[in-house]
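Order of writing sets the labels: A, B, C and D. Residues in every chain begin at 1.
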Amino acid sequence: MTLYDQLPALLIAVPLFTAPIAYLLRAHGLPWAAATAAVVMTFIISCSIAATVIGGETIVYEMGGWPAPYGIVLHIDALSALLAMLVTGSSAAALIFGAKSLADEVGEEIAPSFFAAWILCTAGLTGMVVTGDAFNIFVFMEISSLSTYILVSAGPDRRALVATYRYIVMGTIGATFYLIGVGFLYMSTGTLNTMDLAARLGDVTELRPVLVAAGFITVGLALKAAIFPLHSWMPNAYTFAPNVVTVFIAAASAKVSLYVMMRIDYAIFYKNIPNHELQLALLLAPMAILALFAGSMLAIYERNLKRLLAYSSVAQVGYIALGIAMSSVAGLTGAIVHMFNHGVIKGGMFMAVACLALRYRSVNIANLAGAGRAMPWTMAAFVIGGLGLIGVPLTPGFISKWYLVLGALEQGGFGAFLVMVILASSLLAVIYVWKVIEVAYFKEPRANAAPIEGEAPLVMLIPTWIVVLTGIWLGINSYVPVTLATLGAETLLGAR
Amino acid sequence: MQLLGLYNYFVFATLLMVGLYCVLARTNIIKSLIGLSIFQSAVFLLYISMDKVDGGTAPIIPSDAPPDIIYANPLPQVLILTAIVVGISTTALGLAVAVRIREAYGTIEEDKIQEMDREQ
Amino acid sequence: MITIIFSLFLLTMLVLVAVAILRTDNLFTAVMLSGIFSLIMAANFFVLDAADVALTEAVIGAGISTVLFLGALALTAEKDRSPPVGSVVPLISAVALGSVIIYAVMQAPRLGDPKAVVHNHVAPWYLEKTPELIDVPNVVTAVLASFRGYDTLGEVFVVFIACMGVMALLGRVRPRKDSIKLTEYEERSRNLRHHLIPRIVGKMLVPFIVLFGLYVQFHGDFGPGGGFQAGALVAAGVILYSLLEGDWRGRELVPEWFSSLLVAAGAFLYASVGVACMVMGGRFLDYSALDSHDPVHGQHLGILLVELGVGMTVTGVMITIFHAFARRGVR
Amino acid sequence: MFTESQTILLSLLIPFIGAFGIALAGRWPNVRETVTLTTAVLLAANVWSLLPVVYAGGRPELHFVDMLPGLSIAFRVEPLGMLFAALASGLWIVNSVYSIGYMRGNDEKHQTRFYVCFAIALMAAMGIAFSGNMLTLFIFYEVLTVSTYPLVAHKGDEATVRSARVYMGILLGTSIGLLLPAMIWTYSLAGTLDFTPGGILDGKIAEPLVGLLLLMYAYGVGKAALMPVQRWLPAAMVAPTPVSALLHAVAVVKAGVFTITKVFVYIFGIDFLFSQPSHRLVIWIACFTIVVSSFIALRQTNLKRLLAYSTIGQLSYVVLAASILKPLSEVGASMHMMAHAFGKITLFFAAGAIYVASKKTDITEMRGIGRRMPWTMAAFSVGALSMIGMPPTGGFISKWYILGGAIQDDNYLALATLVASTLLNAAYFLPFIFAAFLYEENVKPKKDHGEAPWPMVVALTTTALLTFCFFLFHQPIADLEAQILLK
């Protein structure tokens, strides 16, 4: 076995190996350094894996040397590689970005557990993405959830604790729903491996448990992905988590649940339950449409910048859910590309927010008057991100919306309605983004406001701009995500 | 007899209902967490009920075992060992948060906490 | 037949206890009842031929979980003051949930049906191949530590995270020794020290519990048991000691740095075994690679080591969490 | 010196780099203004160097990058775009001179932001002009919208910001809500969005969907200000006058009608569109807009708002001409873009000059102002004559072509509209001009003033002269534009 063959396992092994070490490092700054090293390493690994699978092949790695379905295998194709890049990339970017901001927000005493949790959160999300075993997804889901609870609870405000508690309850219910679903699947097929499940479900005659399993799994994951109206835990968790944590979880964590939903609903159920695409559409499309409007409206009336962006995420998750509900190559491609692009956009925006919070000590929009002049680079990054949310061309948001509208047009008469919904929600995004821009650029700061120290430090600005420029690059040349996503969508639908 | 053979699953459903109701309807955090652990335990019952085989025994095969012994299915047991540990981990974390909430707010009743947050 | 009747009795008891938990507004009662709930659950698992799970549920569900709840109660409140009638949403969701499940299980195979599909695909392979490939009598251990060792690795990290989380949340505030005199601090943390009989009897039990834990750890290949159960048992011994002698003494016995080290070292040990397999030319967690001549021996070695890692982590985690709660109380 | 594709790239890069230069030089106004002027001159020289090539039948291309599979950011210069780019870049020089006078004369704040955004807006205009497919055009169309927002909201007070919101809301709303889906629809039908002589939709779509798509395009291009999506244009008048002059009389609004013409000619194809009855819809809308806007203009007393409504009407001339779909009228559409540009920029320059000198904005207060500011008002009169379409101004020429097209088509509705609007235009411009020259001053200005600062006067005289010149030397342009009908 060469090192190259071991890459899939290393993707998980490296962070798992590093986490206990980071936990024992008590010196100042070292836990951060260990976490950054591990996460950057996993990012490099996932990029090289992506380079392998972009040609259309699939990597299967047998954990412990036991073949499927007896052992657990890792199963990496274009789609999982794309998501792995998103998870590890956003984690690395947030950590590098957060060196200073985290030192500010997270106390020295909890730093070792905090950074160990960060590593494990990355490992958990990556593990969910690359595994080919339904139960293993649950285990890594719990790794990522529990570590996210730690990360969120480290927020400075006491409301972070309540947010964490709600997140724990809702997250556990979601995970347990998933577990129930897997239980029923196991009952019907006697296997846990996803490929084997897909193959064996075709022979199952008594479909009720399978149908109910599909329901439990989809609802459970919708809860974890915060699809409206199951989003109640999410806005406060995003708002009161430390700013850098928000960067990471907003970019990656909900996306992974959506990914798993796609994987299971398409790779397993789509071919085996008659009319599954209709069931999925009936469940997801109303939720998604409501999410698009409710999320945007809530964002429009929100006064806290972080919560505004969180509500915007509710709406953006709606786009992804809508794409999933379309069951067409264009729709799924749109959903997948949007997962990735939204990660980049929101990550960049929350980075800008973290910069603002560092200087203004507040994320109330009203207090940010004059930020356009006091922190021009930060605000410019925010504006570019905001344009991405709207879906202005040359931003990644445009690419994903393009595919979503293309997918909607294929749906015939109802599709025209969907096109209207998608575009109307983009217009609502204009309102909430512009609300911030107006305050930051065209409102004079209050006379008694404390003067601002000036632009955020370069250690924060440079990573922010790297993410923003990556976003612009993806808006101009989206070859990599679009190719991987199209491949992924075709695989999911069995077109290839 | 058919229904009797499904009794385990009915109990599983009932426990799930009780657990979920307890989580969602109770505003007391500790009580909700107890409900959450009932909710999770119910799932253990689902899996373990699947492992039973008529006339079987625990899947421990001594080296001199006669070949015709029927064993229970080991896989659900393994899965549930895992799930139990997940359950206690979640509970422990939830309780720790509850303790901190009590220290920060002076109460563990969610409705009161919500009121206090709204005043802020 | 008697097993079926016994099983029906246990299941009915489970429902009754669960409803009782729901109805009581005394949290102390609720916690005690949930301990009983777990014990009944464990008994039920035993009836269903799941000895390993029964042991685990008894130790973790009935033992450690109850202790943690009690610790948390001491720090929060004893009364559930939820309004008696809340919104109808929970009721609707619960009923919907229940009816969907009942709809589904009407097509489930009956309990113990040997023709059920679960018994005819992957499971027989495990039962058939374990003696040959891994050669340990306890198939659960074989599946847990080797066939699905990757899951178990994840599991170890879940408890590891829980421990970190509790420490991050509750470990921050040190007891203010400067503000209370040490004797007073000892006084307040003495727990059961003044109850002579429980103390003497309990103290006699502690070594046996720990010994039993060690037995379960190293006998896991042959009988029910393994790292999870053993870790929980050893921790239970230490926790009992702390309860009897005072949290302060308990931490003298197992200092915080040691339990933290145990936690990290166990997780690290498991991960390193996996990496070692890769270094030896196998796949991650492929213990056969550990011994180039005899793969079965390699499996033995690997299982021994990872079970040890599991045991260490679980012991450390349970003790650390308990201490975190206990110490919080004597500020 | 440069290859043709490099020249295309340069015409985007020059204003872009210029914007950076202006931002860096922000602290030294003289350096900043020098940078602006240099950029403008370089850009114009660069763009104009392409004129002979295009005139000779060359179609320089630049393929930039594949944005989506089968869809690229690409540029291709053809006569219509060439004309638009040459116009916008040339007038930017004049406008920069004028801006310097206006911004300094008025002591405006945030001047650096103003010049930076202006340069970016020009870059966007160049991108629109040269774009080789609808996607590229759309991108720069949005850049233009976003980059002009700070210019409109320049003053920053509550009322201005509210107007700017209307501006932004309508332009972004129509483009995202209608133009984008129209594009994606076209793409899903034709599999391409390249501007192709003869169109790409022939035979791929049938009535009544053609009508729907056509309307989505016509209203999706909000910058063309067809009623009822015209409200953004009066709202934009809160901007400083140089912005109204170059952007809301030339670059932005022309980008709108330019896009519509391009869609007709290169996406639908005029032959295909002509065979579809629903193209009449656009004619009706344009006629309606012309007449109604003229009536509204008649009732305006604020000079800039009056000009805005006049612009709305004049834009619909272009749309009308384009939608008649006859060779003469298509040429007329492009000619009118140019004629109107010279005339309207002159009018705005004059309005700005009056404001800077006398702080007056209302026409009822401007009696007798021609005596204090003879040059300004003379130029204003030339511009007004061009709007009405009287010789010897450019407006006459373009109207002539449009009328010719209408007659070819036997389109009496268009003929009647043209005649009626000429009368209405005369009705709102001529009384004001008479009053300005012949009546006594009715409102005393705060301070005794003469002409505005000299750069402004130079600028407005230049553009007035250009209006004459267009009347005299229009033939080469007509030849150039006739090439768009070649397949």
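Basically, a residue touches a chain if its C-beta (ideal position, glycine included) is under 8 Å from a C-beta of that chain, and two chains touch if they have at least 3 such contacts.
Because the structure is predicted, anything quoted here is derived from the model rather than measured.
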| item | value |
| --- | --- |
| Pair with more cross-chain C-beta pairs in contact, given A-B and B-C | B-C |
| Innermost chain, where centres are averages of C-alpha coordinates | A |
| Furthest chain, CA centroid comparison against chain D | C |
| Centroid spacing, where centroids are CA-atom means, of chain A and chain B in whole angstrom | 28 |
| Centre distance in Å when chain C and chain D are each reduced to the mean of their C-alpha atoms | 75 |
| Whole-Å gap between the CA centroids of chain B and chain C | 12 |
| Between chain B and chain D, centroid-to-centroid distance (C-alpha), Å | 69 |
| Touching two or more other chains - residues of chain C | 101, 105-106, 108, 116, 118-119, 122-123, 126, 148, 151, 154-155, 158, 161-162, 165, 169 |
| Multi-partner residues of chain D (each touching 2 or more other chains) | none |
| For chain A, residues that touch 2 or more chains besides their own | 135, 139, 142, 146, 149-150, 153, 180, 186-187, 192 |
| Interchain pairs in contact, sorted by label | A-B, A-C, A-D, B-C |
| Of chain C, residues touching chain B in the complex | 4, 7-8, 11-12, 14-15, 18-19, 21-22, 27, 30-31, 34, 37-38, 41, 44-45, 48-53, 56-57, 60-61, 64-65, 68-69, 71-73, 75-77, 80-83, 86-87, 89-91, 93-95, 97-98, 101-102, 105-106, 108, 110-114, 116, 118-119, 122-123, 126-127, 130-131, 137-140, 142-144, 148, 151-152, 154-155, 158-159, 161-163, 165-166, 169-170, 222-224, 228, 314, 321, 324-325, 328 |
| In the complex with chain C, residue positions of chain A that touch it | 1, 6, 9-10, 12-13, 16-17, 19-21, 23-24, 61-66, 69-72, 107, 109-110, 113-114, 116-117, 120, 123, 127, 133, 135-136, 139-140, 142-143, 146-147, 149-150, 153-154, 180, 184, 186-192, 200, 204, 206-209, 211-213, 215 |
| Interface residues, chain A side, partner chain B - complex | 135, 138-139, 142, 146, 149-150, 153, 158-159, 161-162, 164-165, 168-169, 172-173, 176, 179-180, 183, 186-187, 192 |
| Chain C residues touching chain A - in the complex, by the definition given at the top | 100-101, 103-109, 116-123, 125-126, 129, 146-151, 153-155, 157-158, 160-162, 164-165, 167-169, 171-172, 260-261, 263-265, 267-268, 271-272, 274-275, 278, 281-289 |
| Chain D contact footprint on chain A (complex, rising order) | 387, 390-394, 399, 401-402, 405-406, 409-410, 419, 423-424, 426-427, 430, 434, 438, 441-444, 475-479, 482, 486 |
